[in-house]
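Working notes, beginning with the structure itself.
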Amino acid sequence: MFNKKRGYIDLSNAKKNQAALDSEGNFSCPSCSAWISEAQKIQNNDFCPRCSYHFAVSAWERIHAICDENSFEEWDANVSSVNPLEFPGYEEKLAKAQEETGLIEGIVTGRGSIGGFDVVIGAMDSRFMMGSMGSVVGEKICHAMEKAIQYSLPCIIFCCSGGARMQEGMFSLIQMAKTSAAVGRLHEAGLLYISILTHPTTGGVTASFASLADIIIAETGALIGFTGPRVIQQTTGQILPPGFQRSEYLIKHGMVDLVQPRVEVRSLLIRLLNVHQGGNHG
Amino acid sequence: MFNKKRGYIDLSNAKKNQAALDSEGNFSCPSCSAWISEAQKIQNNDFCPRCSYHFAVSAWERIHAICDENSFEEWDANVSSVNPLEFPGYEEKLAKAQEETGLIEGIVTGRGSIGGFDVVIGAMDSRFMMGSMGSVVGEKICHAMEKAIQYSLPCIIFCCSGGARMQEGMFSLIQMAKTSAAVGRLHEAGLLYISILTHPTTGGVTASFASLADIIIAETGALIGFTGPRVIQQTTGQILPPGFQRSEYLIKHGMVDLVQPRVEVRSLLIRLLNVHQGGNHG
Amino acid sequence: MAKNKFEFEAPYLLLESKLDELRKLSVQLNTDFSAEIANIEKRLDQMREERYQHLTPWEQVLLARDVDRPTTKDYIKLLCSDFIELHGDRLYGDDPAIIGGIGIIDGRAVTVVGHQKGRDTKENINNNFGMPRPEGYRKAHRLLLEAEKFGRPVLTFINTPGADPGMGAEERGQAWAISEMLLCLSSLRVPVVSVVTGEGGSGGALALSVADRIIMLSNTVFSVASPETCASILLRDSKRADEMAASLKINAKSLYDMGIVDEVIEEPPRQYLLESTAFVQTLENSIKRHLDELCSLDVSELVELRYRRFRKIGKFNE
Amino acid sequence: MAKNKFEFEAPYLLLESKLDELRKLSVQLNTDFSAEIANIEKRLDQMREERYQHLTPWEQVLLARDVDRPTTKDYIKLLCSDFIELHGDRLYGDDPAIIGGIGIIDGRAVTVVGHQKGRDTKENINNNFGMPRPEGYRKAHRLLLEAEKFGRPVLTFINTPGADPGMGAEERGQAWAISEMLLCLSSLRVPVVSVVTGEGGSGGALALSVADRIIMLSNTVFSVASPETCASILLRDSKRADEMAASLKINAKSLYDMGIVDEVIEEPPRQYLLESTAFVQTLENSIKRHLDELCSLDVSELVELRYRRFRKIGKFNE
């Protein structure tokens, strides 16, 4: 079901595929309604050329764009959410998210290679209930990290999240503790852990595994923080300065190692994996 | 030679000794020249009642005020400075300092007890070449910490310093690294290390062993920092706000655990040593 | 939707005032209703106790937030035979919304860390209403590492509306400070016991709660986000917070049933908690018992058990 | 007292310009002085080389501070086959006066940290003239702990006038940040090699120099405080800095003789350093040799040797 999309989301090959892309037709920016082509979107690093809206990338698009061709093997594909609190309307929302995204839950995890380096990789999907972290997301992250330890592999996670999955109440909040504890085990095992903070990464995800990586890469222009800007503005009445909580603001304030445009993340990861191994490839 | 002084500097007994003190005569404040009695000085926690000048306490006064009577046994009493760089005038300055203070160098170290708790204790003396740290001060601190490890004792150091002993050049600067490394060994041995920052503690001492303690106590009103206020003002042209680099400023900025008046430091140390051992005295 | 505990207490307070009037009248009339009044009072107490047994989740939220609840400092005074507060993160500042220090409980050196709400408006403004800033977590972090160095068990008290929602907290990396706490606690090589003494609000509360044992007082709550926030986001109506309080299952009893907390300590109805000797004794005993159990474990077993304790929380189909 | 290297270079520069004039004249006059000019040039080079062999300590200070010296970024470009700069202390900010990251040297993953002066006024203002603020030390500290996690050796480059003398640096605990670095490096469980590439100024330089091996380039200095500061304090006359530069024994050769540094690498006279292949080769070989030696040691032996290396520095009578 994902192969059809593979053609146009392999961003590292964006330029050579450009001709093919234009034929795939136009679509409208969800923010300013401008009609733009896929090619324009890719050329502009997934920002809308008119309003700078940062287009979401699905988990599978991300994995295909980052991993070497056919290298990715998915884990825990069938782990799915239940409604532990019998929260009103949760099941319907899950069903709708599954239908709209073709995903079972908001993260895809597994094993793949990047520029020939074997890694454990996870990618969250902001379209699935706003990338919120519930029991399944927490479980899949922990399990992926534990497998990274088992196989002695670096672990790479693409984060994007609106925060905790409220419908799972405290089960959701505890995933912060659970995933942070799993990161602790990665560290003890001396394994490299890289997180990539993409637009938007907020709430409990930022305040747990996302900010605990050895190397933190922020995608250009991404909104990253704990409390979202609307809540800050509403609660404190303060006018937020332009660029507040954006990647460039975060690197200035010492929170991330690198800010990188989306199209360059794959090549940066390859360099990091290579340097990490002292250039001794493999 | 120190017994004569012992009477009036046992600050914890200040009140009951007061009558005796008045008879010891008056002296003049080095800052505003006010004539005050020893009793007034002690009552006012060693601040001048007129200009708030913070009177220096000698190393031996400090040790007698803090340690249980007759409990202190000095170590390395005869370790003395040489002139490793053949720095012009250094030997004369050392001789003058020794004559004026009755000390061989700017720190006294040894073993004693405080409220019945055995400790390793060191006290710097700001009168000895402004409490500067040269090879001897560094050596005595390292040796005291190594003995604390050997005897498994808590280590307590009263700091006061104008910084590095410039006349010893790089030998002096390296004492920062050397004493910090010794603190590292204390930490590895799981031993309690308390530093008390007294007026003034600046320069290389602040940027090494003084700020690496498990618990840092600042004496009320002490000047504590790396760069001294005069240099900051001269270099940056900024007017320093009142209270800048004083103990109360430091606790507000998160740098010290506690601010305590001089007369209460002994009782605080006893409480800390007691709590540290779970109230299991001895 | 009630705004504070006095709304559901109103009928009892009214009845109490009527009994007072009756007493005064009886004096004026020179008659004696004391037996009847005593009877009514006894039934009033029963009714109230009954009422407190069946508080709605929202009413429990109100009680959890009640400004009359003891604060961390009160519990420290109660439990520790000596306590020395320590300050500062050694990096930037000293956050009064989280206090910490070392004390003695039952002859054992303990590091105590907890949220500190104010007892009045002035104190609350100073303490940021118990909402920690990054400095607070970092101070706590430092004290935890010291506890580990000295092999001292850690006791934490949880009572916060949540992390500070201001610009400064974001600027100084609040998310980073919280995650570092979660990481630190999850592998800390000394026992950790947490007591929820009021509101357990979101990440700001969780940051101090990654413990071997979590104890909740019966009228406290622990929530992924405040019921108001959930109502505002999920129902687009923050006034329906009471519904959310029920749906989110945030009260002590529900969380115990879900296996998220280990023990619930019953609060006496409407009495200032620390005046109830039964309550105080139960709390003291519980903390001591947990510390005794945990201190007897081998350190690596302790850490492994803590990892598993959190690792298994979560519900899903495979 | 000379203010910069051009003052003691003036006679040679003057002679060079005269030779240029002579050359032009010879063309005008249609005569050939080339043999004579070549001869003079050769002697000029010899004189200059001789002069550079006998620089006064103060002249070495001027050369150490020379803005034309290569910066840490230049050395990284020279030595690393790939390098990725990493930013931030994860607490407060990113200090451009200290840069750090990971790279590959000779097939070995290495963490590199160093002071970064600017190459021009604009860059120097941005980089605070290479004077670190607390954020800089804390970034370095974080990168050192990562190096330790991954067992990566550490290479540091030292070139700073000293710690930042401003209010903000004091406010955010500069002394604490420096001491934490000294403590961290003194027990770091990976090899550490430092290269002094310019000014080693006071605590700000020492913070990156607690290494297993300290290499100094021949025209660099390392000092407890700047000669100006010492002159101002000890002689009450900052203009007598040249005297202090001599008394303090701050040049590479003296420090080698005192056992404080392990190796001095000769700089070619008056040539842009990185253009001298001999110099570059010697530096590369030296770093590789030290890393090879240190990486072959058992970790606990390495840490013990580093402790003893510093422990024994200091002169006194017992």
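Note that the chains are named A, B, C and D in the order they appear, and that numbering of residues resets to 1 at the start of each chain.
Here is the rule we go by: a residue touches a chain if its C-beta (ideal position, glycine included) is under 8 Å from a C-beta of that chain, and two chains touch if they have at least 3 such contacts.
Nothing here was measured: the structure is a model prediction, and the numbers come from that model.
By the document's definition of touch, common neighbours of subunit B and subunit D comprise C.
Any chain bridging subunit A and subunit D, meaning touching each of them, is among C; the list is complete. Counting C-beta pairs in contact, the pair that comes out ahead of the other among B-C and A-C is A-C.
In this assembly, the chain whose C-alpha centre lies farthest from subunit D is C. Taking each chain's centre as the mean of its C-alpha atoms, subunit B lies 42 Å from subunit C.
Taking each chain's centre as the mean of its C-alpha atoms, subunit C lies 55 Å from subunit D.
Put simply, the C-alpha centre of subunit A and that of subunit B have 54 angstrom between them.
Centroids built from CA atoms put subunit C at 35 Å from subunit A. The multi-chain contact residues of subunit C, meaning those touching 2 or more other chains, are 90-92, 172-173, 176. Shown for subunit A are the residues that touch two or more other chains, namely 187, 211, 253-255.
Taken as a graph of touching chains, this assembly has some other topology, since it is neither a line, a ring, a star nor fully connected.
Inter-chain contacts occur between A-C, A-D, B-C, B-D, C-D.
Chain contact summary for the complex, subunit B toward subunit C: residues 187, 190, 192, 211, 214-215, 251-258, 268, 271-272, 274-280. Residue ranges on subunit D touching subunit A, taken from their complex, read 81-94, 102-104, 107-109, 135, 139, 146, 149-151. Chain contact summary for the complex, subunit C toward subunit D: residues 90-92, 134, 138, 172-173, 176. Listing the residues of subunit D that touch subunit B in their complex gives 163, 165-167, 169-176, 178-180, 182-183, 185-187, 202-203, 206, 209-210, 222-225, 229-230, 233-234, 247-250, 255, 258, 260, 306-307, 310-311, 313-318. Residues of subunit B touching subunit D in their complex: 76, 78-82, 84-85, 87-88, 134-136, 138-139, 142, 164, 166-178, 180-185, 187-188, 203-204, 206-212, 225-227, 231-232, 235-236, 238, 240, 244-245, 253-255.
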